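Think of it as A, B and C in the order they're written, each chain with its own count starting at 1.
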Amino acid sequence: MDVVRNEPLLEVERLCVDFPGRGFRAKPNRVLRDVSFVIRPGETLGLVGESGSGKTTIGRAVLGLVPVSAGTVRFDGRDITRAGRAERRRLSQDVQVVFQDPYTSLNPSMTIESILTEPLTAAGTDAQEARRRVGALLDRVHLPADAAHRLPREFSGGQRQRIAIARAIALGPRLIVCDEPVSALDLTTQARVLELFTEIQENTGVAYLFVSHDLGVVRHVSHNVMVLYRGDVVEHGRAEQVTADPRHPYTRKLLMSAPVPDPAAQRLRREERRALAQSA
Amino acid sequence: MIPYVLRRLVSAVVLLFAITFFAFVLLTLAAGGDTARNVLGDAATPEQITQLNADLGLDQPVLVQYWNWLLGALQGDLGRSWFTSQGVTEAVADALPVSLSVLLPVIVVSGVVAFTIGLLCAVRRGWLDRTFQVLSTLADAVPNFLVGVFLATLLGVQLALFPAVGYVSPERSLYAWAATLVLPVTALSIGAVAGVAQQVRSAAIGVLRQDYVRTLRSRGLSQRRIVLTSVLRNSSTTGFTMLGLQFVGLLGGSVVVEQVFALPGLGTLAVTNTSRGDLPLVMGVIVAAVTIVVLVNLVVDLVVAWLNPKARLA
Amino acid sequence: MSTPQNPVLVPGSSATPTAPDPGRLRRPSSGALRRFTANPLGVVAAVVLAVVAVVVALAPVLPLADPDAIDLFGTLQSPGAEHLLGTDSSGRDVLSRLVWGGQVNLLGALLATAVSAVLGVSSGLLAGYHAGRFDTGASWVTSMLQALPAIVVLLAVRAVAGPSTWIAMTVFGVMLTPGFFRIVRGAVQAVRGELYVDAARVSGLSDARIVGRHVLTVVRAPIIIQCARVAGIAIAVQAGLQFLGVGDKSVPSWGAMISEGFRKLSIAPLLVLWPALLVGLVCASLMLLSNALRDALEDRGTATGPSRRRARAAAAAAGPATVVLPEQAEEGSALDTATGDLLTVRGLQVAYAQGDGGDKTVVHGVDLHVDSGEVLGLVGESGSGKTQTAFAVLGLLPEGGRVSAGSIDFRGTDLTGLTPGQHGALRGTDLAYIPQEPLSNLDPAFKIGYQLTTPMRLHLGISRREAKERALALLARVGIPDPARTFDSYAHEISGGMAQRVLIAGAISCKPKLLIADEPTTALDVTVQAEVLDLLRDLQAEFGMGIVLVTHNFGVVADICDRVAVMQHGRIVETGAVEDLFARPRHPYTRTLLDSMVEDGPARPYPFDDDVLRVPAADGAEAR
């Protein structure tokens, strides 16, 4: 088993992404520079950074939702950097996504059942069989079976995110790109949804590319963590090390900036951060 | 702001060229080769027809014809009527003041009234708003020439409050001029007011729900001040854009309304000359109408850009 | 979090099932039909149109007089038994001509609508879904068409193509294309950016299926509405053309009848009435139908609106009022009986008027107090009523909301007894507010300088110049690097962090006694959050203000607050000094919240036995 698990599932090498510049003949804007990493089956890589760091773009590049300017993305040994439509469709069996905003990631006019059967029927499952599987999918994300015939707006943010997770696991993927999946949720809901992610990983051996702005959340779910700053990787290592004992000054600043829920400890952290800012 | 103004100017000129080009080419091609026969009548000999075609330049390729027309138009010469040999520029110049006498007051009146009603409904809501919603739906729906017919019948003929037909030039009598305009301006304004006020109303309701309005309130500014500055300015963009769009419809509507009130404007010029297919005159009317539309929309765009800094980036 | 709870059963994670019977299949369109039939104007309009259409379609089989039979001895007859609506100036039966005339008018309108719908929808779909050259070209053609007055073009067409109704209406259909094009293109562009379309793409759906499943469902309603509008416009313009006498005169038409009636107005005033009434009725019915359809189809409560916060606020207002068990209410020291020298809130209830005339209470008797120079944290999850409480103190409750019970004592004045004007007079000078979303809280149409100086000139009575000097000093004070430039900027020209500093500068510009900050750092990056919290702490010390800080983040509470009140379901469940609360949380809900924090939890164990992690030697990555 270990031998199999150590084969890389997703390999990203020197990935660069450019966005077109604003205005006529403007120079393209490089939002990612030379990003490389490996994810193995059953592993979670956390991507942390602030707005504009490019963390979300990495996930979208892996999914083929933004064009790659340079570098390669390999899945299971296959080069998928510029996979065409047909190959992407085959890939959808293996690579799935959960987005940040549970309010816009579900079509408001479709029932939960048609949302969940969509990936199944697109993959060739016949409609009746797909509908039969909806109950089991809802059960796996701890939602009642009668949710199938309701509309997304009848659910709270946390429940919608569970529906989005159910859609992502419908085809039994090997990698799920999670783009800030708990940022829009309340504290208690966030904790429960994170539990669900871990539970699904332990049951199915799926790998996660987990994007978040929150170092604490990333520490909670990731095995490895990569820190991004304005399109560059500044630190990459084990979750324990990066989130507790960061080497790069920017990661340290990030860590020191997040307030801890303990007045005394937070006072210390604040002073430490100010000292860090003074020395910089 | 200046680059934006230049961009809008250039695109207005390009638009004008494109429209005259397509209109000229399509109309000439659609007219086919029968023009000379139509002008001379069935009794004309083939020699006469060839001669007239040569005189009118109709024997040349259509692009050459357009080029010649354009050269003339740029110097202010829109050609001559095929049937009466009247100068098109003169004919348009005679009709234009009449049409503008109706259209410009319509824009001003409907702008002022629509903004007032729209803001009032958005701020007050309640029965005032509900009444306006029903009335404006009807006013927006009924064709403005029907409103014209109604006004002419009731106020012009039955009650004889205003002259129902005819036009008096302002040089002759300013008062009579204004009196003849009351009914046509009203007929055209009612629909425009309804359309623009609805847009202003919904835009203003949207603005009143914006976060920044709450923040302005939190700074202790009064409702009246917020409505007259922030809400007015932020919703006026929508209102002016709508006014610009409405104007094209108004211009079309004015063609029919001019007939109702017997005003010798561009519409009348167009109607009398289209039945016999007098292309130079038809082109003249199109040029005049489109120029007015393009100019009005240019002004609207500039006003919107002045009011809304973000629009300047577009 | 040891027992994974079924979230539907957890109070607070409020699923509000609108379908009472979970087994019944809810068809999204059934609600639209129900809403439509509940609108009397829409139903009347639909019936009128249906009757007109059926009668006109049945013209050949109805027992009508020959519409073209001229009777020179029976001209301009009044309505009577033989001619129900009388005869025209050629002695032709008016009723018959009205019915037969409808054929030209209705079919013409149908043709124009069909042409514009087909062209506009297809080009709009293409332009919206595949941006680029087609989009640019189509948008150009559209603005060209929109600059052309339809009647002038139709007259030109008449000049070269003769008086054919069908040619005219086809051309008119083309001219009406921009309406459909813009609606569809805009909707498609909006949908294309939606995450659910990305999700469908990742699910392997082809473009055609995405358009069919996700895009068409969104534009369906606007297209139907636009069809009704366009048909109304087509009827109006066609009647106008006929009125001008340039239509096809060989068949009866409504516009020609109006024209004739108008000319014979003085002899037979009724002649103009019938066709004019009919055209007006049909046009008005189409418009009313379109409005009724809009209300029925678009009122679906979709959560795709711009502000999730607003959706959440609405959900909070509409959420079920949960019954709190007695022991839950007594546990913990929820009661705050102390009096603050700045603010004392007693038994505050906030209620929202519901559509059915009743009230929904969202804040159930809140007690709290704030002393000068004190920072009170108001903590809770979404829907807990913390923001509603803050807005009640400010007097800024959204539409429909009001304080239904309790008192808000601010320095000896009960704010609940004030008129809106009196309450407003306290804002800015005594009470101030810092919002959550920095950019949406600056007016986009005015420069930042104007927004800062106006309240100062109003409240402090200072000159424009002095206000500007003060504003520049304030901007420098809140840490904006180039105050003069920011003073002359618009909101869209500055970053979120800068905008939040501008809002803080605005809030403190008239030296308020009490500052209410509603999640002031939630929308900011964590490094900016730390700086803004430092700024708030410094300003609080400098001005000696009391602060009510609404937040969901216990880290923020630990950083800046002196005391905390924890809210759940519109009630305060626990209150106390910040050190006590973190060290000894008494209420189970507070404990749940603190346990849900993942910040200081253990990192995930690393289960792999070797390390194939390849940290790239990215050039310059370490140097940064």
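Quick notes on this structure:
We take it that a residue touches a chain if its C-beta (ideal position, glycine included) is under 8 Å from a C-beta of that chain, and two chains touch if they have at least 3 such contacts.
Chain by chain, the UniProt names read as follows: A = ATP-binding cassette domain-containing protein; B = ABC transporter permease.
Quantities reported herein were computed from a predicted structural model and do not represent experimental measurements.
With chains as nodes and touching pairs as edges, the resulting graph is an open line.
When chain pairs are compared by contacting C-beta pairs, A-C ranks highest. Centres computed as Cα averages put chain A at a distance of 54 Å from chain B.
Averaged C-alpha coordinates give centres for chain A and chain C that are 30 Å from one another. Centre-to-centre separation of chain B and chain C, using mean CA positions: 32 Å.
Among the residues of chain A, none is found touching two or more other chains.
Across the complex, chain B meets chain C through its residues 15, 18-19, 22-23, 27, 30-31, 134, 137-138, 140-143, 145-146, 149-150, 152-153, 157, 209-212, 214-223, 229-230, 233-234, 245, 248-249, 251-253, 255-256, 259-260, 267, 270-271, 273-279, 282, 285-286, 289-290, 293-294, 297, 307-310. By the touch criterion given at the top, residues 1, 4-8, 12-19, 22-26, 28, 194-196, 198-206, 209, 213-214, 217-218, 300-304, 308, 311-312, 315, 381-382, 496, 525-527, 529-530, 533-534, 552-559, 578-579, 582, 592-601, 603-604, 606-610, 612-616, 618-622, 624 of chain C touch chain A in their complex. Per the touch definition, chain C reaches chain B in the complex via residues 41, 140, 143-144, 146-153, 155-161, 232, 235-237, 239-240, 243-246, 258, 262, 265-266, 269, 272, 276, 279-280, 283-284, 286-288, 291, 307, 310, 394, 396, 398-399, 420-421, 424-429, 431-433, 435, 437, 440-446, 451, 454-455, 458-459, 490, 492, 503, 506-507, 510. Per the touch definition, chain A reaches chain C in the complex via residues 2, 5-6, 8, 14, 33-38, 40, 42-44, 50-51, 60, 63, 65, 85, 88-93, 95-97, 99-101, 103-111, 118-119, 122-123, 142-144, 146-147, 149-159, 162, 164, 167, 171, 184, 186-192, 194-196, 198-199, 213-217, 219-224, 229, 232-234, 236-240, 243-244, 248, 250, 253-254, 256-266, 270, 273-274.
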